[in-house]
Amino acid sequence: MVYLTRKAEFSASHYYHNPQFTAEENARIFGKCNNPNGHGHNYTLEVTVKGAVDPRSGFVVDLKKLKDVMNREVLDVLDHRFLNKEVPEFLTQIPTTENLAIAIWQRLEPKLKAAQLHRVRVYETPDLFVDFYGEA
Amino acid sequence: MVYLTRKAEFSASHYYHNPQFTAEENARIFGKCNNPNGHGHNYTLEVTVKGAVDPRSGFVVDLKKLKDVMNREVLDVLDHRFLNKEVPEFLTQIPTTENLAIAIWQRLEPKLKAAQLHRVRVYETPDLFVDFYGEA
Amino acid sequence: MVYLTRKAEFSASHYYHNPQFTAEENARIFGKCNNPNGHGHNYTLEVTVKGAVDPRSGFVVDLKKLKDVMNREVLDVLDHRFLNKEVPEFLTQIPTTENLAIAIWQRLEPKLKAAQLHRVRVYETPDLFVDFYGEA
Amino acid sequence: MVYLTRKAEFSASHYYHNPQFTAEENARIFGKCNNPNGHGHNYTLEVTVKGAVDPRSGFVVDLKKLKDVMNREVLDVLDHRFLNKEVPEFLTQIPTTENLAIAIWQRLEPKLKAAQLHRVRVYETPDLFVDFYGEA
Amino acid sequence: MVYLTRKAEFSASHYYHNPQFTAEENARIFGKCNNPNGHGHNYTLEVTVKGAVDPRSGFVVDLKKLKDVMNREVLDVLDHRFLNKEVPEFLTQIPTTENLAIAIWQRLEPKLKAAQLHRVRVYETPDLFVDFYGEA
Amino acid sequence: MVYLTRKAEFSASHYYHNPQFTAEENARIFGKCNNPNGHGHNYTLEVTVKGAVDPRSGFVVDLKKLKDVMNREVLDVLDHRFLNKEVPEFLTQIPTTENLAIAIWQRLEPKLKAAQLHRVRVYETPDLFVDFYGEA
């Protein structure tokens, strides 16, 4: 059983706002992130899959297929987008790093065949990241 | 004569669009960056000043003052902003990394007292950066 | 259940010495780290908390509060200090990276409210780090 | 119980080829990595050991001994080598990152005395790494 | 006048050997790098171009064209190759980082149109790099 | 003419104090760095030499000799030391990053034979560094 992790990057913008909060609550809880014009990040995504090593190839997963799934299911959807306006999950949900990690898990998990998704890690900045393991 | 460089980071969003280009030209020249909703980056700024070392302090510049100038003149203006909509220079100019480096130079240069501004470097991503030395 | 990690840095000095060891043992076991004048590091601290995502904010923890606790309980105490002389835990304990990670856990764990402390990671250099999960 | 990780680097070359595959299969599955002349990487190795902190030294493991074991059992064998031609495990096995992580575990695990091996992580590039915990 | 730098990576293997040296000289001068099986690196390439900013696009150079030139003239030739055996310059020249930087300059310089090549930087490892400015 | 840069690291402690300043001036100008117990950093040193490439070796400088000079003249003197107390230059001079860069230049420049010293860069933290080119 080995765990293989592939990194990728995407650039997106977002802002934090809960329409059920008052303006004062939004400002207090979300601070500068509440600016409705949005601001952006170079997100780094780490996708970890686990499985046994195929003795014929030496691979736990076909890296080309993993790359294709990550591109099609995640990067093509998120890269160079304003998350709140253009990504379905975030039309009704706040695009925090926590919610991004969960959304990326939900997009990837049903599409991975050979290997099992183990962890999604999302860095919003080099100093802040979130891990999601699919735990309820 | 020594050169001292201080790094800082800011997160902002932008998009690339020239109203004098046709839609087709904007799409061809700017690609994904032409999305009017904007996308974002964690920019890294490096500011380099040069000067003689003050023998009493061992400093070429008072770091606290340099930090204050960088915060007041640059970071407070750019951080968590949509550059095209909220930063004066980019209401009429395209916020490319090139133009950002020049704008930051123009904001900092008149405000630095003791030491002389030598270079402004702006990283848009870890793989792309622009240097400006104030050369015409 | 998500895991959120915030990084911070502090600069401190320390040395390694056990008064119950002979001079020869201290020299052999601790090498260059035994120099009583001390030497220093730019430590990097990673604090990981875990919990459910609050559906109203999208946060597992209020980042501002996490930052305040980390500053008050850890960084204000350790930053720009000689650990052996100025930090209570290390008046009687050797300030190895192992003991630093445990001390930081013990400082943070009782002060975190909403989310649960999961891991403290301390990098002494980019090539050496210690993880503590609160395990006895 | 703490976990201590030490990083090290080695430079090696390799290529991917399974003599039981057809030429077409080797090309399709391994792509550019199938070039029999080999290509190379700056590998980064992270070795994590776990154990209790010795109250006399403050160490979970004698770092000098850990370094010596890593050098003798791993780095001296792999560094500046063509893995397929010069390292016993890879005369008959494909030197993928997965198989490298397992081979390094098997070399280190029997040689570590005081502390227990917890994880071997191998980065082939900054964007691809494999973890092995000794799990069957 | 601004300077724009784009980074890229390639993986290659090489070894150092001068057929005019004795075996003893090759061993003494080149050490572990003299192993004829080769060893490898993840090279990082930084290409810097300089020029005026085009006021219509805000660009000093069309990044897509720069990327295409770098891929076609450099990366497609060097990536996943054994430099001594597969790259024309190094059939007769030792593929040191110095010679690599010069060879990359000579490949790129005649192909860049709009902007002027200013510097080629090649990292062999994170701790060793060479700059070439086209100076005789 | 090429420029070759080699990086190295050292860990040291220091504090800032000018005996000709009043206590209030020392506190105001040097802030937390004025703590006489000292604090520390993982310094990163970059040494750049320039010269022509020797056509027989492909080297601008014998890397082993450069490494030996850097170790003997700089790292053995500064690593794991309290700069103010143990390094001659800083018994009478404040060990700022500026003064460190100049002192390292003065130690290296007379000892380098084949190649010419071009630049000394010292990082005190990842966000602050000083360059010295030997300019008066």
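As written, the chain order gives the labels A, B, C, D, E and F, with residue 1 at the start of each chain.
Convention: a residue touches a chain if its C-beta (ideal position, glycine included) is under 8 Å from a C-beta of that chain, and two chains touch if they have at least 3 such contacts.
The shown structure was predicted, so the numbers you read here are calculated from the model rather than taken from an experiment.
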{"item": "Where chain A and chain D overlap in contact partners, by chain label", "value": "C"}
{"item": "Mutual neighbours - chains that touch chain B and chain D alike", "value": "A, E"}
{"item": "Chain C onto chain E, rotation angle from CA fit, given as a multiple of 5 degrees", "value": "180"}
{"item": "Chain whose mean Cα position lies farthest from chain A", "value": "F"}
{"item": "Distance between the centres, which are taken as Cα means, of chain C and chain B, whole angstrom", "value": "34"}
{"item": "Geometric centre distance via CA averages, chain F-chain E, whole Å", "value": "29"}
{"item": "Chain E: positions in contact with at least two other chains", "value": "126"}
{"item": "Chain pairs that touch, as defined at the top of this document", "value": "A-B, A-C, A-D, B-E, B-F, C-D, C-F, D-E, E-F"}
{"item": "Chain D to chain E touching residues, read off their complex", "value": "9, 11-14, 32-33, 35, 37-42, 79-82, 85-86, 125-126"}
{"item": "Residue ranges of chain E in contact with chain B within the complex", "value": "1-8, 48, 53, 56-60, 62-64"}
{"item": "Of all residues in chain E, those that touch chain F in their complex", "value": "16, 18, 20-21, 29-31, 93-99, 101-102, 126-133, 135-136"}
